[in-house]
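Labels run A, B, C, D and E following the written order; every chain starts at residue 1.
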Amino acid sequence: MQRIGVFVCHCGSNIAATVDVKKVAEMALHEPGVVHAEDYAYMCSEAGQELIHKAIKEKHLTGLVVCSCSPRMHETTFRNAAERAGLNPYMVEIANIREHCSWIHKDVEEATEKAVILMRAAVAKVNLNAPLKPGESRVTKRALVIGGGIAGIQTALDIAEAGYPVDIVEKTPSIGGRMSQLDKTFPTLDCSSCILTPKMGEVNAHPLINIYTYSEVESVSGFVGDFTVEIRKKARSVDMDKCTGCGLCQEKCPSKKTPSEFNRGLSTRSAIYTPFAQAVPNVPVIDRDACIKFKTGKCGICSKVCQAGAIDYDQIDQIVTEKYGAIVVATGFDMIKLDKYDEYAYSQSKDVITSLELERIMNAAGPTGGHLERLSDGKAPKEIVFIQCVGSRCSDDRGKSYCSKVCCMYTAKHAMLIRDKYPDTNVTVFYIDVRTPGKNFDEFYRRAVEDYGVNYIKGQVGKVIPQPDGKLLVQGADLIDNKQILKEADMVVLAAAIEPNPDVRKIATMLTASIDTNNFLTEAHAKLRPVESPTAGIFLSGVCQGPKDIPETVSQAGAAAVKAIGLLAKDKLLTNPCTAHSDELMCNGCSQCANVCPYGAITYEDKEVNDHGIRETRRIAVVNDALCQGCGACTVTCPSGAMDLQGFSNRQILAEVDAICR
Amino acid sequence: MQELINRAKELLADGTVARVLGWKAGDLPYNPEPAYFEKEEDFADFVYNGFCGANLSKYMIEASKLEGKTLVCLKPCDTYSFQELMKEHRVDREKAYIIGVGCKGKLDIEKIKAMGIKGIKSISGAEIEDEAETLTINTIYGEKTCSYADAMLERCHVCKGKDHMIFDEVIGESKETKDADRFAEVEKIEAMSPEEKFAFFQKELSKCIRCNACRNVCPACSCRKCVFDSNKFDSAQKANVDSFEEKMFHIIRAFHVAGRCTDCGECSRVCPQGIPLHLFNRKFIKDINELYGEYQAGADLEPRTPLTNYEFEDVEPGIVAERG
Amino acid sequence: MYKIAKENLTALFQKIAAEQELYLPVKTAGQVNFGVWTEDAEVDLDTLKSVKSPKDVFFPQSETLYTCIRDGKKIKIEPEALKEQNFVVFGMKACDVKGVEVLDRVFLVDPLDTFYAARRDHGTIVALACHEPEETCFCKVFGVDAADPSAADVATWLIGDELYWKALTEKGEALTEAVKDLLTEDGAAEETVEKEKEAIRGIVEQLPYTNLSLDGWNGDVLMEKFEDPLWDELYKPCLACGTCTFVCPTCQCYDIKDYDAGKNGVQRYRCWDSCMYSDFTMMAHGNNRKSQKERFRQRFMHKLVYYPANNDGMYSCVGCGRCVEKCPASLNIVKVIKAFQKQGGEQ
Amino acid sequence: MSIEKNEEFRPKIVAFCCNWCSYAGADLAGSSRMSYSADVKIIRVPCSCRVNPMFILRAFERGADGVIMCGCHPGDCHYTSGNFYARRRMTLLFSMLDYIGVENGRTRVEWVSAAEGAKFSQTMHEFVDKIAALGKNVRLEDLRCRN
Amino acid sequence: MKTEKNRAELIKEISGVNPLKCMKCGKCSASCPSYNEMDIKPHQFVSYVINEDIESLVNSKSLWKCLSCFACVERCPRDVKPGKLIDAARQIVVRERGNTYLDPDEIPELIDPDTPQQLLVSAFRRYRR
């Protein structure tokens, strides 16, 4: 039998004004197991905790019920107070008589009646509580960063600088990500690769950073501090150790017709290729779908020309298994597909392009060598129309409900760069709103309008109609002048919405990290824990969490790194003791519980049991305490009730039900 | 039947199996019992006829613990149960040599008796080889006849089909017996008003004596210790003291096997009070089919059942009220 | 001897029920069991055997013994009242009446079971002869005469369109007196009934189990039977359900349990238990019958050896045949008796 | 309980709330002072998937007139998939209760996020009204517990 | 006479549109083939409804210049669909002209027994939304 103390908090007048706290304390004394009850103005105060301490010592209490605010508020406070007085912290239960009672009821009698019932339920539960002890799990002092864009690069560098080894897994043959595709960056207009390339080099050279390019995460198991990750290193067909990066193979490769991913399909590349000149590592891969050798068995030119003998057609995918303490997701974004926006004629005209395509066209290393020209006829455009919010801020299923955040700024950048380089080219921007919150952002936009003469029209484009003469007829609205505009343009640039990399779904599932309806990874708390996933040990860096520009991405990457470092700095983690356990005398070993466990925490063992004198070997479910997060899915799946959850046991919950219905 | 016996003896003799699990003739024409046969001479009593309704797959839980293989005779519907038990690691496939036996529908002595036939001395027409559509029943009150189909168990009228889901070999012919809609009875109840539904089940369940026959015969109810026998939920009960306990027991019994119940019909067959217990299980099956897609427990070895699986787009529980 | 026309039975039941509770075979959802008579109850006197034996009229499946109510820090105990009203059980068969006798020897000896005793005191048994015994019946083996339920308070016979009525005890006389205005005296009744009895006995002789021999079960056979290896095989099909024990007219085991009814206190009640259940007589240290074989053996050893040893050789089986009909695995006491016989024959 | 109100029917309602969303939603309803009936008593569970159908039947057995279960919105489960399992379990259970003639509406599932204090309060209002309209639960109670 | 508030509500009810979702992008006006004929432009329709100035709407030329081509309905990124608002405003005019629409209870008396049932159904669909 427990010896329970009940403490009723007034919370100043927050509770005491609507609940007769004296009455609750008095009624508590009638409950089974209760040996002590008192009320106090602020139980959470030093003095209040002292009362608890004293009562535990003097009355030899084995359990506590605190009738106060929500357990989400002060459960930890009271558990710590109990622990200081020598009581197991899990012998404390909270009756929430503030948020769930005094604050929502006006009638004192009614509120008191309810408070008494809530107190009874808590007492009934504590009567069945058992002391629980958190387990410990070790921390592997190594971090994994998924994605090698600027977010992943920055996170990896920061973690490595703190002294912890980091692995980066990048799906494509080179790190660099979207930023490497950009020409200039706003609002300073400095060259993107000029600021990115040194960072890529730094990552490559860092002794604590190991890069797996052309690789993907295959599976993730384990838990915070102790993840086991399988990484698939796709067959590169080139020996990384031998290759000198001379580039001869690419030059000689006869298969040159594959659209270049890096140039968004605006140019072609060879079958053996590095995505771009500054690629890290500077080791090509063979695209086996395009390679003549792989398709026909003949050719082998690259192998012949390679003096280092680095070409290896027999390479196969390799699975590397590594252990990590923390995982940072930095999977970035892509542009949405525009096949649902037929009115903008993207698929009909080569001269309707996305901004990322424009980015490549403007780039000196791009398909046109940095000359602004129409892809249809190579002529210089004289009239360019930018259309904003293509697929952003949509409430239908064609686009995304959110604002992509970066388009307003990069459009201003593009407009300005064009006007600067080609002063006789007119630039018109159709916009809904221009959003420029950020340091020096609005100034930047105003410069485009005021100094560079970019024509901003408030209104959306309804339709782009390709004309027989190759021009594009843009039909838009000017909402300020209240007129419809028909404008002939040579080129139309669409600010397509950005969306999380489609692979993130698969990765989130492996990590059991939650994602929102737009496939952005969910943060543990929108304001207070913005770089952590609700799943412990998983951190978020960059656009995978939500649209961001480069400075924001870099700062979030740093924040994610700090959180990861904070975790890696610990030697051991305490685990939640409210975990599931199976009663080995009752377990059938039927595996149903493992089917519903989201954490893979349940395994089966053949175990010798002594069931009231019957000795036999049985298949029995075993829960890994460190993996179990205590959701209880298994406990309901288990028909016999062999599986139960500590801290929320069947009998505890039933006792609460009974107390409430009494 | 002779072919079955010969084959069983052969497998026993060559050591493939250590024992045979089949049926032994009873002392009345209609009460054969599940039995093990280990020696050649035991087979004198071996029987397989229309009254061998028992689903032997559940006995394989115990048989799986024995040394050597057990030859088990499984009717088409029993093989679903066997696969479901395999899925749950309750039987060992390696310990079983499955002979799929043919089935022409199994008989229900209660149905024969309900026709007013009593004092039964012998029954002919129930043999598996018989082509007869009619049973001839010799009683101390004279000779009676009834059609085979009329004497069949309810489950055979809504048979899932005569294909064995798992077997090492099949012996004997089967004959299709399905002639009714599996969910017709459930639909009839669904169409009732809440008051009628309540009255119907109240009346049926009031007969329940909590003998646990339905549970203990059920291949899906294979818990070592049933929740109704343990103190895990303070739910141990040996009697229905209040009518609530009747409902509690039968709802939870059916819920615990929902998605795993193969609809083998043993619960209804064995109920001494003739409660149509399959109406509970079949309601769940019907709901699962309608809400989560057609599903037949035991038809495959996929580990996830409808209740240990989900889809993002699943219907909300509010559907129940909407269907009304 | 009296008689009453079949068509007037409803009037008879009304008359009895006006004064006291009346239990009789009632059909609910297709099954016949003993239940309280009401105007809309479907009385069924044609079905030979109720699914459950009528023993629950005297020994209900569950009954509260007392209630503990918490009063502050004190506990108040309120015993359940004993049966105080008279009642009538109509339509019990000879075997079931004999079953009551078996129960009496358990509950009415020292220490007296007051709950049972009160019911026995207030109950009047009106028995009905078995006009069409069935193949599962073997009451004759245990000395029961299906044609003449003479151990009841009133014996009745349904012959043609008449129910013949014969009071056998004081209680029976009293009941007869109470309903006398519905009954008519019939001089020829004795003869009609005698003829019917002979007919019934004739049928009984034809039943397959009638000549089942109990040789080998009487005398000092406890250890011999207990240790017989035959049990190792016999129990195997048993599913460990409680059907046999719950339909049986003589099974008398019960368990005592508590139900926490919240504000209404904790009710201590007893309910039928079954020796087939794995937690039968479970104690803190475990179970003294660990295997189903032991539990299965217990049931038959009790019926055929332990009970007779304590009760002047009276078996605690009355041959009603309910277990023969209802066992899901087609096991029953007859098969057990026969198995031992067969084995005996071979030895 | 000595504080007795005899007159009108006061339903007993048990609400199971998951710790991460709905319990927090109820807290928010509280801190926003969005009142709802005192007849609702909340039991905190880690996740809606912790709610065993036996808990719900137990509540009815003990005289509850309505049982509502609240969890995170589908897709938002703290444990990723708990509420999906709960959703199937409850759908089937509710359907069965309907099938045996228990009045529709005595049970309900509502997904309430931690931000939806107003929805929590509104849901409880609706539910209490529904139960009040249905009246006392007599089809699933254990008479021994009736008071 | 109905109040402007009621009429605005009615437009919302008939069209099923929530005008508050509009983000004033003007794509409707940009798409409209009858734009130049209109006195109140498609995107303005939305704010007229929001501002409950239905009288101006029902008296506008635009109401009868709209071709119901539904380009705006197709392209509206916010599910506001001015075309539907216009359609609803037209219905208001039609209904107000004939006082009110039919009450289902009155119908049996009014129907010519030879009227095809399909006609009735489609009439209901149009006028009783």
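The rule we apply is simple: a residue touches a chain if its C-beta (ideal position, glycine included) is under 8 Å from a C-beta of that chain, and two chains touch if they have at least 3 such contacts.
Keep in mind that what you see is a predicted model, and the values were worked out from it rather than measured.
Think of each touching pair as a link: the shortest run of links from chain A to chain D has 1 of them.
Shared contact partners of chain A and chain C, listed by label, are B, D. Of all chains, the one whose CA centroid is most distant from that of chain C is E. Separation between the centroids of chain B and chain E, computed from CA atoms only, is 62 Å. Between chain D and chain E the centroid-to-centroid distance comes to 42 Å (mean Cα coordinates, whole Å).
Note: centroid distance chain B to chain C, computed from Cα atoms, is 30 Å.
Across the assembly, chain E contributes no residue that touches 2 or more other chains.
For chain B, residues that reach two or more other chains under the stated contact definition are 225, 227, 233-234, 241, 307-309. Residues of chain D in contact with at least two other chains: 52-54, 58, 62-63, 75, 81, 85, 89, 142, 144-145.
Chains touching one another, given as pairs, are A-B, A-C, A-D, A-E, B-C, B-D, C-D. Contact residues of chain C toward chain D in the complex are 259, 261-264, 267. Those residues of chain E that touch chain A in the complex are listed here as 21, 23-32, 35-36, 41, 43-44, 71, 75-79. Taken in their complex, chain A has these residues touching chain B: 583, 585-592, 595-596, 604, 611, 616, 619, 637, 639-642, 644, 650-651, 654. By the touch criterion stated above, chain A contacts chain C in their complex at residues 30, 32, 612-614, 658, 661-662. Residues of chain A touching chain D in their complex: 70-73, 96, 98-101, 103-107, 109-114, 116-118, 121, 512, 514, 516-517, 522, 534, 578, 596, 598, 629-633, 635-637, 645, 648, 650, 653-654, 656-658, 660-662.
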